[in-house]
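Just so it is clear, A, B, C and D label the chains in written order, and each chain counts residues from 1 on its own.
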Amino acid sequence: MGIADLSAIITEIAEEMRFAEVRGKVADYIPPLASVPHTKFGIAVVMADGSLHTAGDAEEPFSIQSISKVFALTLALGAVGDQVWKRVGREPSGSAFNSIVQLETEQGIPRNPFINAGAIVVCDVLLGRLEPREAIGQLLRFVRELAGDDSIAIDETVAWAEQETGFRNFALANYMRAFGNIHGPVERVLGVYFHFCALAMSCRQLALAGRFLMDGGRVGAHRVVTERRSRRINALMMSCGHYDNSGDFAFRIGLPGKSGVGGGILAVAPGVASIAVWSPGLNPSGNSHLGQLALERLVQKTGWSVFEPRG
Amino acid sequence: MGIADLSAIITEIAEEMRFAEVRGKVADYIPPLASVPHTKFGIAVVMADGSLHTAGDAEEPFSIQSISKVFALTLALGAVGDQVWKRVGREPSGSAFNSIVQLETEQGIPRNPFINAGAIVVCDVLLGRLEPREAIGQLLRFVRELAGDDSIAIDETVAWAEQETGFRNFALANYMRAFGNIHGPVERVLGVYFHFCALAMSCRQLALAGRFLMDGGRVGAHRVVTERRSRRINALMMSCGHYDNSGDFAFRIGLPGKSGVGGGILAVAPGVASIAVWSPGLNPSGNSHLGQLALERLVQKTGWSVFEPRG
Amino acid sequence: MGIADLSAIITEIAEEMRFAEVRGKVADYIPPLASVPHTKFGIAVVMADGSLHTAGDAEEPFSIQSISKVFALTLALGAVGDQVWKRVGREPSGSAFNSIVQLETEQGIPRNPFINAGAIVVCDVLLGRLEPREAIGQLLRFVRELAGDDSIAIDETVAWAEQETGFRNFALANYMRAFGNIHGPVERVLGVYFHFCALAMSCRQLALAGRFLMDGGRVGAHRVVTERRSRRINALMMSCGHYDNSGDFAFRIGLPGKSGVGGGILAVAPGVASIAVWSPGLNPSGNSHLGQLALERLVQKTGWSVFEPRG
Amino acid sequence: MGIADLSAIITEIAEEMRFAEVRGKVADYIPPLASVPHTKFGIAVVMADGSLHTAGDAEEPFSIQSISKVFALTLALGAVGDQVWKRVGREPSGSAFNSIVQLETEQGIPRNPFINAGAIVVCDVLLGRLEPREAIGQLLRFVRELAGDDSIAIDETVAWAEQETGFRNFALANYMRAFGNIHGPVERVLGVYFHFCALAMSCRQLALAGRFLMDGGRVGAHRVVTERRSRRINALMMSCGHYDNSGDFAFRIGLPGKSGVGGGILAVAPGVASIAVWSPGLNPSGNSHLGQLALERLVQKTGWSVFEPRG
């Protein structure tokens, strides 16, 4: 597929999404998310050759929310390696993103690092001997490096609002603490967690930050993680990236991906493309409705599904 | 990778597996499975160019059990299309293969077609206006055609033993019947289900039968299913092919796959290879221990994971 | 309280219930139950002195359904004693009458003998070396003796209809069989179970049959069970007699009781009275709406709650 | 039964318990409980005539823990009446005392006021417009009045230790807060809760404080609650007083009762006696092993079970 073709394809998709009538429901549990217009739609694609293609509101920063769980996991694996897997599983949860039920039957071990409970454990791992502010700074620097863009920032208004309303996350963290699977003080761990969720990035920045997963762990000549680790993070995104909608995402789109309640999705076509879409209206599972639809269109037109033979 | 290389690789893997000490636990709930020696190991790989490579006990038929769920689903999709998805979901279950809990909370709709409850619904779909013997004959013909091998047969001893001890499956079927999600008489539906599970195939036959999923829905010039359907079946195998071990299989191996309690696994590298492995010892989730290990070795050496950039 | 007073009380209650507007919903899963007019209401009270007081439709036989679980348990305790408790628990289930969830987590041991699963185990115990027809005959004779009324019969239309639609019960029985907690063939055990549920009795007959629980295990000079066993059956009725509505029944009425989906309730005021009420409209938990209300009125006026100091 | 007889009975029981070999396991989650010698056993009985009978360590204060939930509920019902039941149920939970599972499926409404989650809601109700210190003072005054003993105190060491280790309770409270069923700040509500649990009372004091439940809501001439409310609290203690062991307690003992993890049990024979027993070793459900055994002996010898006909 030529580069002109791809630009045409994503322009066409952005156009379709601009006029879509069913747009999902914008998250309203905190004011900074509730106030985002549901008319927004952006898409950015970075190809293996480094070319970048955008359409719609691709330059507008949004709250990446749970997409940050991918970057946090990558850092934690870098810090303690496979020790992470002693404290968090690798299986889809079959439950909502904030379910607490499985923690009771499975003794405080979350199913995977991409549900809230698992990401809270990842934050606790990252804290280790760091101060919260150091851990937050570390993630911010990491994402800026990955995207090659120092303007990426954390939205403190969002972080604060999460903190104010995050009772379920306080419940999850305290519950895991009771099982000994959170080591640090709950307030500190959640302080880090809420700041991670409050990362604000545009589709362009997000697609750039996802390049290392497209390219076997490298960004250009720079190795971020081993090829094996890159493959495994992709696998986790495929299995667990969309809460109790993960199977359907694999079925319809067939790419590793991670969604956030801000309406963003990062998807990876290994060896081919790093893709970011954003539209704030969510489906009942908490994933961007138009974002998923846009990705479905994209893979239909490009044949990028990992489940398809490649030419 | 040259063909000579691949043959060397699988010979080496078969050799390693032959001497492995930890071999898992052979299923013992019915005598015909319990009597299979745990020393067995076979592997067969069919490449996109049609070449076939085998090692170990690749010619010995074994009970494919739940791997038959892939073929049954393919037939059911051919018969009624996406109507199937009104009666069975597409999400990983997060539970054991024979769990009944989710049926209660989710009103008799099984999570996916690769757990027992889901496959029983698929059998009910296939029965439609057919007699049980016709439905069984249909699947047998389908698998023989896919493999190009008319010697494939159903092991009546296994089918009978399943019937005798299948109380959980009777429970599942009756339970779904209570919710109206089984239409035919339970005995007839399960008769078909138990015969499907009793298909006996060798690794060679199974790898050949899996070619259509490797090749975008075709076997040579013959189209079995559309490219889209092929892709989607692969996606389901990735998300749900190994019960509550599916995430770990994706993480370690990164290929769509389906396991059976007889110790077989069918795995697909889209566009590249159709792979069957067999070793009867199971891990605690009911998947072949050495089969998974062999596949892990294979993808390490070949780079066939769908989560890896391809050259 | 004088006998004239009691007759006035129950006449007044029957009058109130005759004109009640909210009457609950008549069970409609089988035609013989669905066709019972929701206008029916009956009440019968047998006092410790042997006097009998009735009002409303107290002479009309109805399907006692799950109330038969009390008589079946009494027989099973007589047959094998405390061995029963190895196969069924004594705790409230906190779930609906036909829930299967706890059977999975608790390895096929039902919570108590008054939910369906537990009563099916009780039937299996009773079958022991008996033929189904013998077990059914045994229960019928037992209830006739308790009530001193040989006209009590089983409604074969109901038994047959239960059999035809009892998929959940088939699921429960097969499921417990898978755990080894049903020993006999499922069809035979359920055949007995469905016949027990199909016992037809009037309020008068039912109140008479309950006398042994009022009187420490005796009917007049005849000892049916030991005093201790009588006390314990009463305790089970208090804890578990109304499914997931048992706590509320204790809270509002304060008597051991057992309800059936036919709209009957047997309640016991130890040392004071045996009470039967009947009105076919059910509340959402499957217990007679007016039956509970009538009992609530009765204990308000008489002070018969076991939780009240007695003069 | 004469008073001399009762004194003989409880002396005999205390003697048996003193030499019992199986004594259960002392709670060890906080040091102040872990350090209580498992040799302790005390019993106190207050009869309707006001006479008091004690044996063993009946004068030694112990941590009444969850028994305080009875007094807290009584106060909350006094404060807001049946409004309490909009925020907490009246059904046995069928789960452990600190389970969080049902809160998820039942939208933050705890099953009953005698499990932790329910009692935390009760504390939130009591806080209303009070300061924590006022609410704590209110409960302390109430218990002192009930027992007629101003020496009853709260053990601050216990309250503090609960606070330090109460992660599960923090999880429960935050979780219910997420559903809007906790109104005040979690720290304040739990501060009250932990102080309530830290009430220290002797068997004598506890039996005296339970008199109002024996005597239809009165203590002598003083009415504490209405007769109806007294009856209902007794009913709740019968249904829900011993966590997932409540059914067995009713079966074996047949009295309304409430246990605490400190090894105490308050039991009520309506119209007859208020009983307190204490022995710190617990059974697997968290109820005093010897305490239950002692009560079983007592009702066998006295016939005080509410399920027994009274003379």
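By definition in this document, a residue touches a chain if its C-beta (ideal position, glycine included) is under 8 Å from a C-beta of that chain, and two chains touch if they have at least 3 such contacts.
Which chain is which protein? Per UniProt: A, B, C, D = Glutaminase.
None of the values given here were measured: they were computed from a predicted structure.
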Looking at the contacts, which chains touch chain C and chain D alike?
none
By CA centroid distance, what chain is farthest from chain C?
A
So how far apart, in whole Å, are chain B and chain D when each is placed at the average of its C-alpha atoms?
55
Counting in whole Å, what is the centre-to-centre distance of chain B and chain C, each centre being its mean C-alpha position?
48
Where in chain D do residues touch two or more of the other chains?
105
Can you give me every chain pair that touches, using the contact definition above?
A-B, A-D, B-C, C-D
Given the complex, residues on chain A that touch chain B span 48, 89-95, 102, 111-112, 214-216, 227, 230-232, 234-236, 238-240, 244-248, 250-252, 254, 256, 270-272, 305-310
Residues of chain D touching chain A in the complex
99-101, 103-105, 167-168, 170-175, 177-178, 186
